[in-house]
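Chain nomenclature is as follows: A, B, C and D, assigned in order of appearance, with residue numbering initiated at 1 for each chain independently.
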Amino acid sequence: MSHSFYYMARDQLQALINELRARGYQCIGPQVRDGAIVYDSLADCTQLPRGISEHQSPGRYVLSENNSQRYFSWANGPQAIKPYVFAPRESLWRCEKDNTGQLRFTDLKPAPGPVAIIGVRACDLAALYIQDKHFLQEEKKDPYYLARRQKLFLVAVNCTHAADTCFCASTGDGPRASYGYDIVLSELDDGFLAHGLSDKGLELIKQLSTSPPTETQLQQADEEIQHAARRQTRRLPSRNLKQALFNNLEHPRWEEVAKRCLACGNCTSVCPTCFCHAEDEEPALDGSGSEYFRQWDSCFTQGHSYIHGITIRSTTAQRYRQWLTHKLGSWHDQYGRSGCVGCGRCITWCPVGIDITEEAAAICGENIDA
Amino acid sequence: MLARVEGEGALELSIKDGKIEKLHLRIFEPPRLFEKLLEGRPYTDVIDIVARICGICPVAYQMSAAHAIDSIFGVNVNPWVRTMRRLMYCGEWIESHALHIHLLAAPDYFGFENVVAMAKQYPDEVRRGLLLQSLGNRLLRLLGGRSVHPVGVCVGGFYSAPSVDAVKTLLKEFKQALPMAEQLVRWTAAFNLPDDQQLFTSVALCHPHEYPMNEGRIVSSSGLDIAINEYQNYFTETHVPHSTALYSHFNGQPYLVGPLARLNLNLGKLPSGVRQLITESGIAFPSNNMFHSVIARAVEIYYAFVESIRIMEQYTLPAASCMDFSPKAGVGYGCTEAPRGILWHRYELDEKGDVVKATIIPPTSQNQARIEQDLQTSLMSFGLDHGDDELRLRCETVIRNYDPCISCATHFLKLRVDRS
Amino acid sequence: MPNPYLPYEAKIIERIQESPTLFTLRLRFTDPVIHKDFRFEPGQFNMLYLYGVGEVPISIVSDPQDEHMLDHTIRTVGRVTRGLAALKEGDRIGVRGPFGRGWPLAHAEQHDVVVVTGGLGCAPVVSVIHYMMRRRERFGLINIVQGVKHSSDFIWKERYDQWRKAPDTEVLVAADAGESLWPWHVGPVTGLFDDLKFDKDRVIIMMCGPEGMMRVVVKYMLAQGVDESAIWLSMERDMHCGIGHCGHCQYGGKFVCRDGPVFCYKEIVDLFGVKGF
Amino acid sequence: MKPKIAVHKFASCDGCQLAFLNAGEDLLTLAGMVDIIHFTEAGPIDEETEVDIAFVEGSITTPADCNRIQRIRKNSRYLLTIGACATAGGLQALRNFANAKEWVASVYAAPEYIQSLATSTPIREHVKVDLELWGCPVSAKQVLRAVHDLLFGVTPKVELDKVCMECKRQRHVCVMVSKNIPCMGPVTRTGCGAICPQVGRGCYACFGPAENSNTGAMGVWLQGLGLMPEAIAKRFLFINSEAPEFRAAGTQWKSK
């Protein structure tokens, strides 16, 4: 592999952004806003969270400054790339009614320009792969998702820091980015190792001023990734948890966790693989037109399981159980793997700090490694 | 306070030998007891609670309260906060004045039942009004998330600063709408308003450098010039049996607060462009014609546009949108220029910053006595021999001209005339 | 590639009031090409869009080979269905579909068939009955068992009478509560089962209705020695997109809209009857 | 014939009526579609004519209003409440936890002139309500959607989800997790657009309880964030203190 890595000095990151912008890409990158590292429009490296680290624990996320010159010495923030492909709210179509009662439907499929996301982590690439499987199945592809997905250029960054809530090593999805990106960067003290996976990625790297990496640099980059993996204390068993969960549908822990769970849906919103959404519309007051849209929904809402006169999951215990058995269990039936990529967001961003690894362990009991 | 003011109005009128023997404006607004429910609440809640006294001018309540509590905690706000409070106030003036002019006043002067009827004949004017009103609301949303009971204001400043982009977008629309605000002044100046010169004392804030909104001393046309914390030494509130509103007097006499009083006392603080427009419109201010209130409102809308544009053009992100402070016990005063006139607050907080006692004197209750006095005068000059319906319409018009929070109710002023 | 989210306009050609709360909308796509190319199987459903109000999944009840008809029988229950009920001939709605997997009709050929429906569930199986009746010779004994809450909910009496006249066809009807002249069984539909005639080794059970009823029937059939793989049922879950994206209809690892609504009991045996799924 | 509508006001701040008056172009559209029979703030006054839809703002706080709401119910085919006052007694319902008589006495010099009940109660406690729209104030979008649905003969949809759902759709950073700021979003009904987290503060529950609100866990977490029981009680007993879930939770924390 080593032959395909290029070393570039730190200033080449700006050059990369410039190249992307010159090719018409809107660049999106991490930056500090409202006390967290979030993705937003990026024109300049100075916007990146240089010298910032973050500390995460169940229900808690705090930024702090470090002395490092590095741009990416932090683990993931509250959002992944999900909102850039699966929009939190988007119009699907419009319908107009003329005075003869005729209906005219207009497709509102977006026509986005190319977008480059910089700083994508391994867990998020894994999640994107899962969402691709979901939204772009053989027959009925989701045109809204597809339109954006096709325009994505992904610059991944290998994780050198794991948060306390990260457990991607145990799901096998990180911390090293191994697929699904155009370019991957490993950050070093004075620059980056870059590797291009797609033709577009390779071509771009060639425009930058690079040199062959030294053996030490390669080793250091590798060591840092392994260190990030070793640092992870949380884990899910890497085997298929489906049977263990479905064998325990009456476990008392469901009721117990329901006492703490707010059923607020934060876990599903921050989860990079959750795909549930609801459709609704906004009719003009006079009835002349109506805009049909969809927006993120969650298996923690009442509407998620409502059929006339019955809410199939009316209690929080049932809703939490639906979430966990789906995410870690029946997801295997649907997509051949677990729906969890170990990013730990649902642990950090649960307002009351419920920990998926802890709940899964409690419910699967000693079966966990069986 | 407003909570004790707004609501259904009724007027009891006894006419004896061609003279008004008794004139009582009755207010039935159910008491909501805000001053009491504030007691024991933390200072952070105060801003959110007092907003709910009035849905039409919540910002005024928030501003008076914020200034009062700032003063207790010894907070000195930075120039950014000071300017943004002003900007937000502009939004409320625009929204409230535009609502008054188009929904309440204009239909009166044009002889329509209501704005809906008027929109059929004057669609452009009504649409212009709605647009100006909506821009006022947009400004409120920019700083407060929503226009009614906005959530952005806190003691010491704002919870957060709007983005430069958001300000830019709005600025563009304000610039586009400025000519409409100008047309509005000319339009109202051309209203066929009764010539009703009266003697009254105007009371308003006065600031050395600017048209008053958040800060200043309380001055009157009769020469008063006091700090806001001296208010209660000069102004008294009394409770009369016929009303849930309290009546305010200055030296025992009724007085006027609101746009006309403000403009009369602060003409010189307006930028020359605004003064020029007033001159061109042909109305001479200071004016003693109460009906010129509606023009004063239009002028203030125009001024608020000019001022907002000035502020937004210079907008930058602040180092901090809210000052640091720690709660302290103490007594503090806030007095700001609500759309309807000075809104005076006094708070006593304990060392945690919880409210011990609150006193809130809204403009409408300050104008109560003045309205009754005006009704006396106006009705005498109108002539008491008119039929009940005509009398009622005249009374409504007079009352509505003050834009009291009972304005809604005065559309169905129950007039009880006793002509013994 | 057409956008599977975008409805096509369809016109109501006929509106039939079947009972106080049930009505049938006979539809025709206004674009003749779309109408001509529209193919479906019994048991599949469409998403019907009521302008300005919303979309709901509704089974197609007409015969797949009858090009002139695209029928939906709808029960008035809530927001959208109440609005649909108010439409008249000539009104337009949006339609997209067909979605889902229908009944295993090819598989059922040469088999005895028991069709069980209960409650409001009759609509999705009516089409399958029609289908078999038109091709009567391809099937063995046919038993139709219908349970309703109240005798007044029973519709299509004529059709049932018609079916009964077909050779080797049994029609059994029960109402939980009935009026005095109700000619059939009063009591739960399960009370009829012992009258059923079929060969347990070459029977296909198809059912649709409240899950409680279906559970009882499954239990009964299994006890009779019918194999799990011979029992088919139509499931109902909340649906927004109809194409397996929105996630509302998940049933364990299945999407009811895409993998169902008709399932072989064997496929869902693990979760069937578990509360909360 | 055009449908008739009415907008009535009880003890309130008028803020919810502004959903109509701030609607701009939609206000004129509405005026073209319906006959506005009664809406004091916009002009028309007639409480006696029967209407198809009555919107009610404000809570019941006086004996006279107890009677008026009965009359209004009789004259209205469909009655819906708009806002926290009409739906949950409003901020002024805090008097229900105090001695209202004393309160009146301390505000008014001559309390004997004041006709006021000891309580402020939601409309539902007096007459049958067909639909309740929460919020202090209701959002214009919500109200206009309900108007649209009713005019087109459809049951309006109501918001049930928690503010958190909208907060995440807006991609706000959770203030509770990142700043330790107490936020009532997880137990509060959405509808406002999550504007409090947007400006970096916690939600103060002005839209009332969401469906399936875990007020118990919420309270415990607030305590963990450092709030004293009394302060937690005040979070629940605020703008929607007569919402049963909040009333129960608040009362419980108050007695701790």
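FYI, contacts are C-beta pairs under 8 Å (C-beta built on N, C-alpha and C of every residue); 3 or more make two chains touch, one makes a residue touch a chain.
Nothing here was measured: the structure is a model prediction, and the numbers come from that model.
A.B. asks: In this assembly, which chains make contact with chain B and also with chain C?
C.D. replies: The shared contacts of chain B and chain C, listed by label, come to D.
A.B. asks: Go through C-D and B-D and name the pair with more C-beta contacts between its chains.
C.D. replies: B-D
A.B. asks: What whole-Å value do you get for the distance between chain C and chain D if each is reduced to the mean of its CA atoms?
C.D. replies: Using C-alpha averages as centres, the distance is 43 Å.
A.B. asks: At what distance in angstrom does the C-alpha mean of chain D lie from that of chain B?
C.D. replies: Comparing mean C-alpha positions, chain D is 25 Å from chain B.
A.B. asks: Express in whole angstrom the distance between the two chain centres, defined as the mean CA positions of chain A and chain D.
C.D. replies: 37
A.B. asks: Rounded to the nearest whole Å, what is the centre-to-centre distance of chain A and chain B, using the mean of the C-alpha atoms as each centre?
C.D. replies: About 50 Å separates the centre of chain A from that of chain B.
A.B. asks: So which bits of chain D are touching at least two other chains?
C.D. replies: Chain D, residues with two or more chain partners: 148, 152, 157, 200.
A.B. asks: Please output the residue numbers of chain B that touch at least 2 other chains, ranges allowed.
C.D. replies: In chain B, 160 touch at least two other chains.
A.B. asks: Could you pull out the residues of chain A that touch at least 2 other chains?
C.D. replies: Where chain A meets two or more other chains at a single residue, that happens at 34, 280, 283, 287, 297, 303, 315.
A.B. asks: If you connect every pair of chains that touch, what shape comes out? Choose line, ring, star, complete or other.
C.D. replies: other
A.B. asks: Applying that definition of touch, give me each pair of chains that meets it.
C.D. replies: Once each pair is checked, the touching ones are A-C, A-D, B-D, C-D.
A.B. asks: Flag every residue of chain D that touches chain C in the complex, lowest number first.
C.D. replies: Listed in rising order, the residues of chain D that touch chain C are 148-149, 152-155, 157.
A.B. asks: Which part of chain C faces chain A closely enough to touch in the complex?
C.D. replies: 1, 3-9, 30, 49, 51-55, 77-78, 90-94, 236-238, 240-241, 243-248, 250, 252-255, 258, 270, 274-277
A.B. asks: Would you mind writing out the residues of chain C in touch with chain D in their complex?
C.D. replies: By the definition above, chain C touches chain D via 52-53, 78-80, 82-83, 86.
A.B. asks: Over in the complex, which chain D residues touch chain B? Could you list them?
C.D. replies: 9-18, 21-22, 24-25, 27-28, 31, 36, 40-45, 61-62, 64-65, 90-92, 94-95, 98, 100, 103-104, 106-110, 113-114, 116, 120, 136-137, 139, 192-193, 195-196, 198-201, 204, 206, 231, 234, 238-239
A.B. asks: Which residues of chain A touch chain D in the complex?
C.D. replies: 33-36, 38, 59-62, 78-79, 83, 88-89, 259-266, 269-270, 280, 282-287, 295-298, 301-303, 314-316, 348-349, 351-352
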